[in-house]
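In structure tokens below, several structures.
In what follows, chain A forms one complex with chain B and a second complex with chain C.
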Partner chain A sequence: MARDTMTAEERIVATINLEPVDRVVCAPIIEQYAGQFAGITNKEYMWDWEKAMQATEKVWEAYPVWDSNAYMIHGRYAPVGQKCGPGRLRMPGTELEDNAQYQIIEYEAMTRDDYALLKEKGFMEYRLTFLERAHQVSREEVTAAQKEMARLRQDEIDRTLRRGQSLTWGAIMGVVPFDNFSMMRSIDKFYKDMFQIGDLLDELLPIVNNATIAGCEAVTKMLGNNRVFVGAVRGAGQFISKKHFDRFVGPFMKILVEKLAEKNIVPILHCDADWTKNLEFFLELPKGKFVLELDGATDIFKAYEILKGHCSIKGDVPAALFTVASASELDEYAKKLLSTFKNGEGFMYSSGCNLPMNAKHENVKVFFDAVEKYGRYN
Partner chain B sequence: MSKIDLAKAMTELDEDAVQEGVKSQLAAGVPAMEVLGQLQKGMEGVGKLYEAGDYYLSELIMSADVFGGAAALLNSALTEGGEMRTVGTMVLGTVKDDIHDIGKNIVSTILSCNGFKVVDLGVDVPIATFVEAVKTHKPQVVGMCCLLTTAFDIMRDTVAAVKAADKGAIVLVGGGPVDANVGKYVGADGVCKSAYEAVEACRKIAGVN
Partner chain C sequence: MHILLFGGFLGSGKTSVILQLAKRITASGQETVAIIENEIGEDGIDDILLSAGGFTVKPLFGGCVCCQITSDLVSAVDEISRTLNPDWLIIEMTGLAVPGNVAKLIRRYDASGAKCKTITIVDAGRWAELKEVLEPLVVSQVQESNLIIVNKADIAGPDIETTIADVRTIVGQVTILTASAAGQLPPELFEEVINLE
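The block that comes next holds the complex of A and B.
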């Protein structure tokens, strides 16, 4: 068997730069599956940091081919997630059964009147108000939880680097402005805003975008890693027309990637849902300066046809292949994926979004085994 | 009488024109059922545009809002004129252990706007509740949603229980991670990837042209 000749960091950097590598980057989002793999309940995983970290370690010990940690548990870990997480969270062991998956409740925590408040106070200040409201906690509790989350993030970083893995991203910078509003307003309310008060959104989306760019700059400087996670879902061509995309989504993604590229910051655009209709748009973003992460809903093979040689693509073994399909079906898909993308074409092998908590262990093994079988280039 | 083409205004999501059109037609003595018919024709137009790829989920949501606002104006007039006619019934819910409601609510709203009676059981719905609702309401279609992959097994059990209770029951499933593989796994009769696919499937099952 050939051996790795690059470090995990060298490999991910080369992949983003569309350069040849010794073998494919393997960067699934493990999260809650780790607890199940380690034989603990999800309550233990979500409420006991040390147990969660040990469970993650066990996955890596079993599958050392996992060389890039797309980590995110520090922001969902129950004691902090329920005070400053992306939305109201219901957790195993408290609101849910001990081995249930955590769930995010979306509701209209931000009212239409709040747009004026955001305009007046700025996005970062309004965001704190939103978090207080969504989690029903005080400002002090929100900010204390954010500090604790930063400490946990650093712990995940330290453990990741000690294992010799790369950090797929240094920090999670939330989502693009369109999704930010949609998640705070709730999806149906925000789509109506798009039709009914579009002019106001024209005014406010740049404010949120600028705050996101500034946040990316600050966090990359602080962490010493130039990669950031930026999510995008609800502005996909699956949900909105090209006319609306061109007005409310595309221009801001373009500015975001361009501004970050000027600062040598690489956004991992975590694009859940189906972006197949928008694939041409990504050609407008600077070449080799971002990663497009897909979750199985977008046709990744179409993405390959259109974006080959333009950007790194991360993805996308779908949840169903981990949970209800046979191991051989997953192997077949992994083979297709890893033989479609050629060395030097910037592919990062991954689960489509999170690896499901209830993935079959034999399918997960096949997922990792595929790296040596089909993704070894040296 | 208003010169506003109500069906066209509805299809074009022109909220103000729809409101004005409904008010003036009612004031001119047009029967509420007839006004409702024009709105439903407009919704059919929305569906056609969605099918053609010119409208998207966001337009469907907006159309439901415009329709809902107009239907509210008709409410009392409709009650006076007798019960609203429906083209079919769906029992709908998010399966047990899953509390996500966004997708389910959208399906419920869009189906209602297209003339279906929707018995919405809510989220985290126990198997027995689905079974009971099927026995009580005798729907043409049962719709089940989930967003969590951990809910696939309970969805499979729910489909089996519903089919055991009513051998002719037709079950459609949907939700973020629900694809053809999952549909097969849970034993569903069909998978809907969007609210409009659900409308089309239900219309077909209910024999609506």
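The block that comes next holds the complex of A and C.
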């Protein structure tokens, strides 16, 4: 068997730069599956940091070919997630059964009147108000939880680097402006805003975008890693028309990536849902300056046809192949993925979004085994 | 087991239709119903409403892990088939789901071999508005459905004919029924749903 000749960091940097590597980057989002793999309940995983970290370690010990940690548990870990997580969270062991996966509850935590508040106070200040409301906690509790989350993130970083893995991203910088509004307002209310007060959104989306760019700059300086996670879902062509994408989504993603590229920051655009209709758009973003992460809903083979040589693509073994398909079906899909993308074409092999916590262990093994079987280049 | 998969945008009236349908099926005491409630919104309101009707309800949440929900749904179908084996399994999808896509996955992976039919509820009062903003979503929801129910006919006014005509251009020969699920649904509608082929 050939050996790795690059470090994990060299490999991911080369992949983003569309350069040849020794073998494919393997960067699944492990998260809650680790607890199941380690034989603990999800309550233990979500409420006991040390157990969660040990569970993650066990996955890596079993599958050391996992060389890039797309980590995010520090923001969902129950004691902080329920005070400053992305939305109201229901957790195993408290609101849910001990081995249930956590849930994000979406509701209208931001009212239409709050747009004026956001305009007056700025996005980051308003975001704190939103978090107070979403989690029903005080400002002091929100900021204390944010500090704790930063400490846990550093712990995840330290453990990741000690294992010799790369950080797929240094920090998670939330979502693109359109998704921020959609999730804070709830989609039912936000679609009405698009219909009724689109001009106000035109005015406010740049404010949110600028705050996100500034946040990315600050956090990359602080962590010394120039990769950031930026999520996008609701603006996909699966949901909204091209007309609205061109008005409310595309321009801001373009500005975001361009401004970050100027600062040598690489956004990993975590695009959940089906973006197949939008793939041509990504050609408008600067070449080799971002990663397009797909979750299995977008046609990744179409993405390859359109974006080959333009950007790194991360993905996308779908959740169903881990949970309900046979191991051989997963192997077949992994083979197709890893033989479609050629060395130097910027592919990062991954689960589509999170590896499901109810994944079959034999399918997970096949997922990792595929790296040596089909993704070894040297 | 027969599977009826209900889709349609948030607030279109899926829960109201399902509640009446489940009561109708179980009224004679001859057949049983289980419900999977797949929500994305505020704390399980529909779940509570359906449970209060005396039905076995399995909640299934989307949230940040919405990309996993379809495969979780297949697992839930399998579990209900093995443990309860009801005559009818009614699935209420989130307002953002595309029923045709979900049905494909169920047909591919569900080991019970149950027939799976899709019914999309169209909100007659908001069709034009929704189509203006969320056209790809609402069009894909009605496409590949086995039956369309244009709901809220009582409040839609004369525009309902325009809505029906527009939906007709998308679904072709698929049956389109009108309803007002806020009130009592007609027996003919239940017959159409139950005998859906």
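Quick note on the criterion: the second predicted complex is superposed on the first by the 378 of 378 C-alpha atoms of A that agree within 3 Å, B and C clash if a C-alpha of one lies under 4 Å from a C-alpha of the other, contacts with A are read in each partner's own complex, and residues count from 1 in each chain.
Convention: a contact is a pair of C-beta atoms (placed from the backbone, for glycine too) under 8 Å apart; a residue touches a chain by one contact, two chains touch by 3 or more.
Keep in mind that this is a model prediction, so the values were computed, not measured.
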| item | value |
| --- | --- |
| Simultaneous placement of chain C and chain B on chain A, clash or fit | clash |
| Partner chain(s) touched by A:161 [first = chain B, second = chain C, both, neither] | neither |
| Touched partner set for A:207, first chain B, second chain C, both or neither | neither |
| Contacts of A:18 with chain B and chain C, given as first, second, both or neither | neither |
| Touching partner for A:356 - first (chain B), second (chain C), both, neither | both |
| Which of chain B and chain C A:86 touches, first, second, both or neither | second |
| First, second, both or neither for A:261, with chain B first and chain C second | neither |
| Partner chain(s) touched by A:97 [first = chain B, second = chain C, both, neither] | first |
| Interface residues of chain A shared between complexes with chain B and chain C | 90, 101, 103, 105-106, 186-188, 191-192, 194-195, 237-241, 244, 318-320, 322-325, 356, 358 |
| List of chain B residues in touch with chain A within their complex | 13, 15, 54-59, 61-62, 65, 97-100, 102, 105-106, 148-150, 152-153, 177, 179, 181-182, 184-185 |
| For the chain A and chain C complex, residues of the former touching the latter | 86-87, 90, 101, 103-107, 186-188, 191-192, 194-195, 233, 237-241, 244, 272-273, 277, 295-297, 318-320, 322-325, 352-354, 356, 358 |
| Residues of chain A that touch chain B when the two form their complex | 90, 96-97, 100-101, 103, 105-106, 186-188, 191-192, 194-196, 237-241, 244, 318-325, 356-359 |
| Partner chain A, residues of chain C touching it in the complex | 10-11, 40-43, 61, 63-68, 70-72, 74-75, 78, 95-96, 98, 105, 109, 129-130, 132-137, 140 |
